[in-house]
Every structure is written in C-alpha cells, then in structure tokens.
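What follows is chain A paired twice: with chain B in the first complex and chain C in the second.
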Partner chain A sequence: MYPVEENGGYSVVHLTGEVDLNCSPEARKVILECLRRNTPLLIDLSAVTHIDSSGIASLVEGYQVSRTLKLDFGLVGVSERAMSVLRLARLDQVFPIFASIEERLKPDPSQDV
Partner chain B sequence: MIDVSLPAQPGRMKQLRGLVGEAAGQAGFSQHERDDIVLAVNEAFANVIKHAYHFDPDREVRLVVFCTETALMLELHDDAECVDPSTVKPRSLDDISPGGLGVYFIHQIMDETEFLDCEGKGNILRMVKYIKEKDRRSVCTQ
Partner chain C sequence: MNTAEQHSLRDPVIEVDGLVACYGSRKILDDVSFDVRSGEIMVIMGGSGSGKSTLLRHMLALNRAVSGSIRVFGLEMGGVSSRELHQLRQRMGVSFQNGALFNSLNVEDNVIFPLREHTVLDDNTMRIMARMKLEVVNMAGFEKLMPAQLSGGMAKRTALARAIVMDPKLLFFDEPSAGLDPVVSADLDELILRLRDAMDVSIVVVTHELDSAFRIADRILVLDKGKVLIIGTVDEVKNSDNERVQNLLNRRSEDVIVDPDEYMQRLTDELIGL
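On to the complex of A and B.
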C-alpha cells in the first residue's frame, strides 16, 4: 500500500493521503519491516493530507525502534498538515526533520577532512 | 445541522471527517481551524471504536452537530458502558511513547470538552469550539 524505495543506503517509506486508524496499521507494518532489514529509514510525509494520533504513534514507534537498533531515522518533506499535527504534539522538537530526501542525503560538510 | 449514525468502523472515519469539516466550514472557521476540529472529532470517534466498543464493527456512533451564534457544538453518542470521565485524561507530552495522544489533541483543539450525564445509557461526549466574532455567520443564528 505504501511504496518503499532504496535511496543512498536508506529505505524511504512514502506515506500518502489520510493516515488514520484505518491505514495506520499498514503504515506501522511497513515502517517496522524496513527497520527489521537493518537499514536506516526516512519517512516521506510530503503527500500526507491528514494524520491522526494513530499515525503519529506509528512514527513514534519507528523512531524508538530505530534508536534501539542504532539506525538513522528521519522525517522528510513534511506536509503542512502533518507538521501542524507534529507541532500540536510538540514532536517537531523530537523527530529529526529534513526538508527533502536530497537534503538528508547530501554530504555533511562538517565531515570533510 | 447534522444528526447521523455511523457504523463504528475505522473505514467510516473518512465520512465522519467530511461531515465535520463541512459543518465547521459552514460555521465560519478557517481551513486550519477546520482541520483541527476534524482531527479532534476524529480522535473522539477513534476512542469510541477502540476503548468503548473494542472494535466491534456492528456498533454505531451518533454524530450530532449544531451551531449557536457563538459556537459549534459537536457530540458523539455511543451506547457503551458509561465512562468514568476522571479516567479520560491526556497524557503528559514529556512521555514520548506511541499512543495516548488522542485525548490530548481533543483538549488542545476544543474550547470545552465534557461527558454529559448519560444516566446509564451510553455516553455523550460534547465538544465545543467558539467562533471568533469576525467569523460568525448567519447560518448559526437562524
């Protein structure tokens, strides 16, 4: 249901549309399956038009599992509506958030020798 | 404005959101406020599905929406066992864990939230959102 691509060593999950109690079990499943493959994870929220607490719970669980597994995790391209809900939950200060997949994948200048 | 019964099924949440969004728009709320009100009622509906009906798809939830000159009133009626309102509390945001955010969202978004006295016949959750004076429309004063 939710497409997953491999990009720059990351699994990228594209959540789309309305992520509610009806769809969040699928979102959770896809997120946890990616982490089980032991790859760092980006979740693209650019096409999310509605997300409720069950969808947010899937993101929180994914973030916690990634930290346990010491895998990089981030939200990318967060839509205005999804960001509004993250702010309401004050999770915009908890999740690593990037403007786009490209921004997350670009080399970090501070790592240059 | 609205008095409709919906099956207590996750697949019907989209229909609920559509009804609530339309009513909030007619009442004069901005798109952002409308989205927030929709989220609050969505969370309340989800709580009935999960906690009151334990995902029994054969139960129903009645949505009642009406408007006064100053506020939009939204009620969810269920016929589950009476809830002790003191047990329905938002969790602390310092607790970063999956789940438990729904009640917090409802309280953050709505101006008033209360369980009406149901006299042992199910629950009525009333949520109230005040309409800013500049946004008030005649549809709510008729």
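On to the complex of A and C.
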C-alpha cells in the first residue's frame, strides 16, 4: 500500500520501490481513489527505484482523470532514469513535472522556473 | 572509453559456450562461443545458410543443443523448466522477419496481445501501454488499421511496438530491414538505437545489411559455415585482414556465395546411396 498524505490542499501519493507489472495495479488504485475524493494530486516518485511502462500508464490514466475532473496534477521527484522512460514516449512534454513537493506548494509556482 | 568498452564491463545477458547444433546428422553450429553484455547491441552476420537463424533459435530455447551451453539471464537453457522459460520469455521481446502480425487484429490489438497473454492488468492500463509504444515507433494515429492496410515499414514498426510492449530487457530482431527501402531502414536503425538508450535493453540483431550493421552494432559476430569467423567491434571487423571477412563486407547483399560442398549436399541430401 502506498502512503498518501495531505499537504497544502493536495493529496500526495508516495510511490516507492519498483513500480512494475506486479505493483502498478496498486499504484493505479491509490491514484484513482484519491481523484475520486476530488482533491488535486501530486505523485512523488523520489523513492521509486524503477518504474516500467505499466507504472507510467497508471500515471497517464491518473492525469487523464484529473484533467476530466479539472483537478491539478503533477509529478515530483522524477529520477533521470524515469525521465528517460518518459522521454522515449515524449511524455516529458505532457506531464506537469516539479522538482519537489515544496516547489509545487510555493505560493506562486507559476513564477518559478 | 567507447561504448563497446563500456559494455564489456557490464554483466553478460547471454553466454554461449562451445555450442554445437545439428539438424539430424548435419552439424549446423560448431563450437560457437560469445556473450552479449547488458545494454549491448550485438549484430550477427553471415552468408545465407551460415547458421544465423539456428543460433537465434537456440538463444530463444526453441532448439536443443547437442553440446555446449547457453545461459540467458544466468539461466541454463538446456535444463530450463517450462515455467522458467515462460518467465524468461516475459523479459524477452522478439521481432521476427516473418513474425507476422495477426491479420484479424488491428494494430493496437496486435500490440496489446502479449499483455493479454502474460498479465492481468486493467484494460485501460494495457491500452495506454500499447499506445505509448505506438508513439515510440511513430505509429500514433494508426491504431485502428488492419495489418493488410500497412506498408512494409509500418508493419515492422508495429511488430517492434509489440516486441517492446512488456519492456523487455532482451530484444531479438531477425532481419529488421529486409525488404525496406534505405531511408525507412535507416529510420528503423535510429529507432533501435533510441530504444537501447532509453530502455537499457540488450539487443541481438540478425541481418544481411552491412550498412545497418555498421550503424547500430556495438559488436558484430560473423558466422561462416557454422563457426565464428570473427567477433569484434565495428572497426575491428572492418579492419580485419581475414579474407573471408573482407569477402563478406565487399559483397553486395544480393549476391549469394556458393559453397560447392554445401550446395552439393543440399542437392543430394537424403538421396539413397549406392
């Protein structure tokens, strides 16, 4: 079970370890449950050692649902390795990606580079 | 350090040691030894009938060796259980020359197929995974086409998307550029290189096409009548002073080298003797 904390009006889902074929269904479930509660969502990947495309697919689906519900959504703590997986399918240009939870929760994040 | 040197420091994914393979009483592979390192692109070349496909079949555990050993991810292919083989196959992607798409399934369902076979993922997840791989191979927007509607290059790219849909750590290609025009073939090579870098996958490619081999290979293994003629980096193979290697390099791909002994054997194999 992945820990979820409330922080600055966001649900923050902390994914951990290997998010692969075995674990991505659980990640998907946690993400979709948060969105069902209608809260904006941050997904923290900083403790993820490896994410495969089933894990990425769960993020894509979560992002799609949050767009439909007009809820804010972002990824934080994306490792270089995970970035290259995102880049391969050009998803680095699709997901809102932030360096850290703190950065996203700053008063006016749009001013940050 | 060049990439070949970097890869030589990494763990082997495939270790072939003294492999001997026969069809009936005919020896097809004779004392073949080499390894493929993690993240490496190994290209296997050789004239027609030199044993390339047979070697590929052994690496996939489709054939049994007469002697010698093949280890894939450390697992000895000779003694592998069907359960282990099943798990192993989930980590391997295969794109065969005639590894045709299922004609009755559209592009997307072709790519999803291995996921339905091997996983219990949610249908949404599988669909997104397939579409991501179709993006990777530049087949986005063609999900609903049927195989009969695809050009040769599109069919290859779809087959490639299917081969990588499970994020394999080891990928086999049989003649990826056969029948493609040079531009499409160069695109495909580019894609193979990109996949290797992003997915950190080891790739074994069997090809006739020299240009393609030189573009993508970290190392090239040349088979000649079932024996390893040379194995080395692109430069080592190009600069080899072995006459048979040079013959192979200078030959146009449409030429076929006739080996008189082998040819006679083909014509007369299994004739009833005097």
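Here, the second predicted complex is superposed on the first by the 108 of 113 C-alpha atoms of A that agree within 3 Å, B and C clash if a C-alpha of one lies under 4 Å from a C-alpha of the other, contacts with A are read in each partner's own complex, and residues count from 1 in each chain.
By our rule, a contact is a pair of C-beta atoms (placed from the backbone, for glycine too) under 8 Å apart; a residue touches a chain by one contact, two chains touch by 3 or more.
Keep in mind that what you see is a predicted model, and the values were worked out from it rather than measured.
Undergrad: Please tell me, clash or fit, for chain B and chain C sharing chain A in the overlay.
TA: Aligned on chain A, chain B and chain C clash with each other.
Undergrad: For A:Ser58, using the defined touch cut-off, is the partner it touches chain B, chain C, both, or neither? Pick first, second, both or neither.
TA: both
Undergrad: Touching A:Asn7 in the superposition: chain B (first), chain C (second), both, neither?
TA: In the superposition, A:Asn7 touches no partner, neither chain B nor chain C.
Undergrad: Using the superposition on chain A described above, determine whether A:Val94 touches chain B (first), chain C (second), both, or neither.
TA: first
Undergrad: Contacts for A:Asn38 in the overlay, against chain B (first) and chain C (second): which applies, first, second, both or neither?
TA: After superposition on chain A, A:Asn38 lies in contact with neither partner.
Undergrad: Which partner chains sit in contact with A:Leu21 here, chain B, chain C, both or neither? Use first/second/both/neither.
TA: Touch status of A:Leu21: both partners.
Undergrad: Flag for me the stretch of chain C that overlaps chain B after superposition; candidates: 44-52, 116-124 or 242-250.
TA: Clashing stretch of chain C against chain B: 116-124.
Undergrad: From the superposed pair, tell me which chain A residues show up as contacts to chain B and also as contacts to chain C.
TA: 21, 52-54, 56-58, 60-61, 84-85, 88-91
Undergrad: Which residues of chain A touch chain B once you look at their complex with the stated criterion?
TA: Interface residues on the chain A side: 18, 20-22, 50, 52-54, 56-58, 60-61, 64, 81, 84-85, 88-91, 94.
Undergrad: Once bound in the complex, which stretches of chain A touch chain C?
TA: 21, 24-25, 28, 52-54, 56-58, 60-61, 84-85, 87-91
Undergrad: Per the contact definition, I'd like the list of chain B residues that touch chain A in the complex.
TA: Of all residues in chain B, those touching chain A are 10-11, 13-14, 17, 32, 35-36, 38-39, 42-43, 46, 49-50, 93, 96-102, 104-105, 108-109.
Undergrad: Where on chain C is chain A touching in the complex?
TA: 119-122, 124-126, 128-129, 132-133, 135-136, 165-167, 194-195, 197-199
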